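The two complexes that follow have chain A in common; it is paired with chain B in the first and with chain C in the second.
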Partner chain A sequence: MTPSHNMFTFLSRQAVTAATPMILAGVGELVGELSGVINIGIEGTMLMGCIAAYTVTGVSGHGTVGLLAAIAAGMVMAVIFAAASVWGRADQIVAGTAMDLLGMGLSGMVWMMYQNWRENLGFSTALLHGSGFSPVPIPVLHDIAYLGPVLFDQYALCYITICLCVMTWWVLHRTRLGLIICALGDAPEACHAAGVRVRLGRSLCLLFAGASSGAAGAYLSIMQTHAFATNMTGGQGFVVLALVIFGRWKLPGLIGGCLFFGLINSLQQTLQTARYTSQNTALHALTHVPFQFFQMLPYLAAIMALAIMSRKAPGPRYINVPWPEAKT
Partner chain B sequence: MIKRFLHRVWNSVTAVALAALVCAGVLALAVGAGALLGYPPIHLADLWLRGAAGSWYALSSSCADACPLLLTGLAAGVAFRAGVLNIGAQGQFLLGALVAVALSTRMMIFHQADLVIPTALIGGAVAGGLWGLVAQYLERYRSVPVVLSTILLNFVALYLAQAALQGPLQALGTAAAQSPEVAGKYWLPLFVPYTDFHIGIILALGLAVLLWVVQQHTTFGFETRVVGLNPGTAKAMKMPVTIRQFQIMFISGACAGLGGAIQLLGQVHFMTAHMGNYGYAGIAVALLGRLNPLGIILSALFFGFLDTGAFRAEESSLALPHDMANVIKAVVILVMLVLAGLSLRRARRAGRDTPMPPTPPTQESTL
Partner chain C sequence: MKNPPQRPVPVIAAILAFCLLIFSGAAGIQAASIKGPLRIAFICSGSVTDGGWNQQGKNAILVVKKKLHAHVSILEHISPVRAVDVMRSYAMRGYNLIIGHGYEFLIPATQVAATARKTKFAVSGADTTKPGVLTLNFDLAQPSYELGILAAMLSKSGKIGFIGGEAIPSVVACYHGFAAGAKSVKPTIKVAAAYTSWDQPALSKSQAQAFIQQGIDVIYQNVDAASRGVFEAVAQANKSGRGPIYVFGSNSNQNNNPTCPRYTPASAVIRLDRAFLRVAQQVKRGTFKPGVAPENLQNGVCIVVLNPKLIGSVITPAMQQALARARRELLTGKLHIAG
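Now for the complex of A and B:
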């Protein structure tokens, strides 16, 4: 294996690892938006997933219980959001911003109380000791030349995410349920006429979105890092929102966007260290660039991609229009 | 004329009264929640109130904390009224502070306080406004929704500020992303000595009143409100929709940038990239004030008192988690939103012919 080949495999693997939580949260957000509800609050929901997974895993000692707790926490956030935006007719953007504030505040508060409580009992809260998840290589498949380490040497939740993507695509494009979900966002009157309860349907889609965002939070805290830090999502929830539009409300586009973002992110991290060790003069010249410009790169790339791609993006027509509509 | 003016004021007063009622309820809820978590409620409430308004100094620090909130609140309020969903006050705030710190620690004009302070404030405001215009340009000519571009630009601004604070603006003898302290003569003067009452507070209050007058009593304000309610109607009435949106975005960003500059010269005096969540909190402030500049003054004061009180309670022996203030803010927004939704529905039930804010399901206005 040549070194460059090695590097390429490494970068791809990092990209998939980094993209998994965004894909997971993005699938939920996509379903929610297709049903006509844009949820800006996934950042907050993911943070609640992070803290729920971390604390419950820390107390119970079982990662699976923590994952379930994160899913439950995400669903609770979704219920609050649905109550305000679907049933309370609140503006979805503003209600979503409130959910972000709620998630940031509540997760920080719970974190502080958890630390006080556990450290008084004499436990360390800095890291999970052995009860988090580690990557699970799939027996035979992980020996395949390039695909093996990239796709089949990941965390368990990554495999679940792949299954979830396939299932969601199948449901959206091949079943009556998928048709109803899209109709909720494109023609709610038609749904209403056909006897589908619009608000209930939207709430259920949001519940699914909450569950997957919560699981994405769990991925960050009990799998990728085995630690919790305040605001540890670092804006990933916001990036997911941009990527849903970047993918033009299509699942393959969304996944491609997430992988692209993950790749740029792992590339910039590698470049940050490689520029000091490399013999290549062009790379070495980059040592004068402040590292914050590398950190900025994924966000700039997202803006650029949106600026190039988002022309005539045909989104769901009734996003942020409450049902039943206000009659003039 | 005077009667109509009084009527307008009365409308503002009722809006504020409703907001105050919600605040009182939420505060009671917070103390109740504190009691559930094991903090003695009377002691907590006492500590909170004394921390926020127990002395001249406490009062002044509450007001000084309300000042940046008022400006970011105005930024959100002005923009939302015109239908420009600027969530980017955080980035605009940071860039305003960044330019202000550059103009007061590196490029002081003739080293005269009379020149440095105004240029720093104006420079901060212009920087915030220009940063906002980037997002509006992307919306108008590249159809990137403002909601998304402003959020992404917040992160770009954050890293830009960090790069500057570890590069040309870094203080001597530190490895952290931190600017040197602004020299004492460039601080905003205090109008009550030995407190935190600096003239930035008066400036912000004046700006709020000015924006209220512009919004309610000028053609420009009327046009921006129509643009916000229904761009299609505004276009049909031959209003310059695009120009109004760009102007509003600049004003909104300038408010946030000025907030950053005032916070820097008036309150913290040196810059790090973590200057608080004033930009995001501003959205809550604007909503609680029902997007009315006069209402925003009161809601910013309320949030300032909430934050300062929570900060004192955190410092005290009770060690209340400071994030509690954020939770309370979120609850306030959600309650206000649902109340607004309910009153809309009541209005609809009362009279079918009452004009409603139209929600046209067109391609442009869906986000």
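Now for the complex of A and C:
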């Protein structure tokens, strides 16, 4: 394998690893938005998933239990959000902001309590060795040139995410359920007329979104890093919101956006390094470029892509509109 | 002809006398020792559970509380904008010492110190003089220089790297010290630098992986809570047989981190408790003076702590000798690290 081939494989693998939690949270958000509810509280929900997964794994010693706890935490957050925005008819943006703040504050508080409790008992707050997840190379497949290390040497949740994406696409485009989900956001009156309970339908979609955001949080804390830090999501929830629009509310577009973001991010990190270590004079010249320029690249790319792709974006017609609509 | 207006000399004199009285009183208060338990407020911009800078600060202030039987109030997540009101509130409630834990509190502390004369203000991690404020200038560049020497001697590839949380002066100084130390041993060594985040372990991990992919085999990190990501990357690389890849800790002693202690030969440590205790004692005794307090190798606050489990195996006697020589030169002032 040539060095450039090696580099390309490395960048692609890093892109997939970084994109996985965004895709996972994005799939849920997409379904939620298609049903007419925008949840800008994904960041807070992901953080709750992070802390739930980390603490439960730390206590139980089993990563799977931690993952389930993260999904449960995400669903609890979704229930609160649904109660406020779907059943309580609160403004979705305001309620979502509140969920963000709740998740940020609560996750920090739980982390502090967990640390105090563990330290009082004389235990370390670090995950027990082996209780978090490690990458799971799929036999035979991970030996395939290029594709193997990129797609088949990832964390278990990455494979689950791939399956989830396929299933979600199939449900949305090939089943009656998918038709109902889209109709909840585009024509809730028609759904109501057809006997579909709009608020219940939207709540179920939000539950799915909460579960996937919680799982995305677990990916960050017990798979990718085996660590928790306050606000460790670093704005990924907000990037997901942008990427759903970037993808024009289509699953392939969302996945492409997440992978693109992950690729640019891994590329900027490699460039930051290569400018010092490479023999290439062109790369070496980049040592004079401020590092902030490299850090800006993924966000710049996302903004540019948004500006181009979101023109005439056919979003759900009844997004951020409560059901039933308020009588004037 | 109109008489010129009578100059209110007695009034001016009275005001002047009153002011002098006030200032002399204030000076008296400044110099006086404190009889009862010291009241200390500790303010930081992040979470005291971050596993790094803020947590270390909280632990240090708790040491002061224990040793001096002081009353301590800790406030976290205080932005510099809010800090002025928070500090003023503490000053009005009669706190003797307010410690702003980080460079970002320098301006707010200066603003409040101008009016709150009974309260003393200290800001950790700052390097400039401001009226009424004692700045604790932690010089990690010196221990970073020592780590640079160690890195150059450990590296087989001739490539080493530094990951910082943010390019603030104190962190950039670590990079300069690290690079200078490494180049003092191997002038041709390549020293990469990247800045990620203080609280995103995933980002730091992927940056460390990018380093390792480029052939870097010794990483010095100063990313606080995100350091767990760097440790994770190093552990994974060593597990996959790419090693040995080494990592250095910073701020606190991270040699016994649970992720890769066998590959963490040393840490650049700030003994915050020492610095805070000294400042608190000065306030208690009435000897506190605003200005810049250099906290460095010389007064034993910023030092390198070697991993005792790796001495002899990873850290050879030659490395120890080189470190001892550099430390001597730094202590005697023979060696100066250019910023």
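For the reader, a short list of remarks on this structure follows.
Please note the rule applied: the second predicted complex is superposed on the first by the 325 of 328 C-alpha atoms of A that agree within 3 Å, B and C clash if a C-alpha of one lies under 4 Å from a C-alpha of the other, contacts with A are read in each partner's own complex, and residues count from 1 in each chain.
By our rule, a residue touches a chain if its C-beta (ideal position, glycine included) is under 8 Å from a C-beta of that chain, and two chains touch if they have at least 3 such contacts.
Small disclaimer: the values here were computed from a predicted structure and weren't measured.
Considered on the superposed chain A, chain B and chain C are sterically incompatible, since they clash. Look at A:295: by the touch rule set out above, it reaches both chain B and chain C.
When the shared chain is aligned, chain B and chain C each come close enough to touch A:108.
Touched residues of chain A were counted for both chain B and chain C, and B has more of them.
Using the contact criterion defined above for the overlaid structures, shared-chain residue A:318 touches chain B, although it does not reach chain C. By the touch criterion stated above, A:265 is placed in contact with chain C alone, chain B being left untouched.
Legend: residue contacts after superposition of the two complexes on their common chain; A:226 is shown touching chain C, with no touch to chain B. Once the two complexes are overlaid on the shared chain, A:174 sits clear of chain B and of chain C alike. Once the two complexes are overlaid on the shared chain, A:238 sits against chain B while remaining clear of chain C. Of 98-106, 134-142 or 170-178, the chain B stretch that intrudes into chain C once chain A is superposed is 170-178 (criterion: clashing C-alpha atoms).
Residues common to the contacts of chain A with chain B and with chain C across the two structures: 108, 112, 292, 295.
Chain contact summary for the complex, chain C toward chain A: residues 46-51, 77, 159, 161, 167, 190-195, 197, 199-203, 205-207, 209-211, 213-216, 225-226, 228-229, 232, 236, 257-259. Remark: chain A residues 7, 10, 14, 17-18, 108, 111-112, 115, 124, 126-127, 129, 134, 220, 224-227, 229-234, 265-266, 269-270, 272-278, 291-292, 295 touch chain C in the complex.
The part of chain A that touches chain B in the complex is made up of residues 38, 40, 80, 83-84, 88-91, 93-95, 97-102, 104-109, 112-113, 116, 235, 238-239, 241-242, 245, 290, 292-293, 295-296, 299-300, 302-303, 306-308, 310-322, 325-328. On chain B, the positions that touch chain A within their shared complex are 37, 85, 87, 138, 142-145, 147-149, 151-156, 159-160, 162-163, 166-167, 277, 280-281, 283-284, 287, 319, 321-331, 333-334, 337-338, 340-342, 344-345, 348, 352, 355-359, 361, 363, 366-367.
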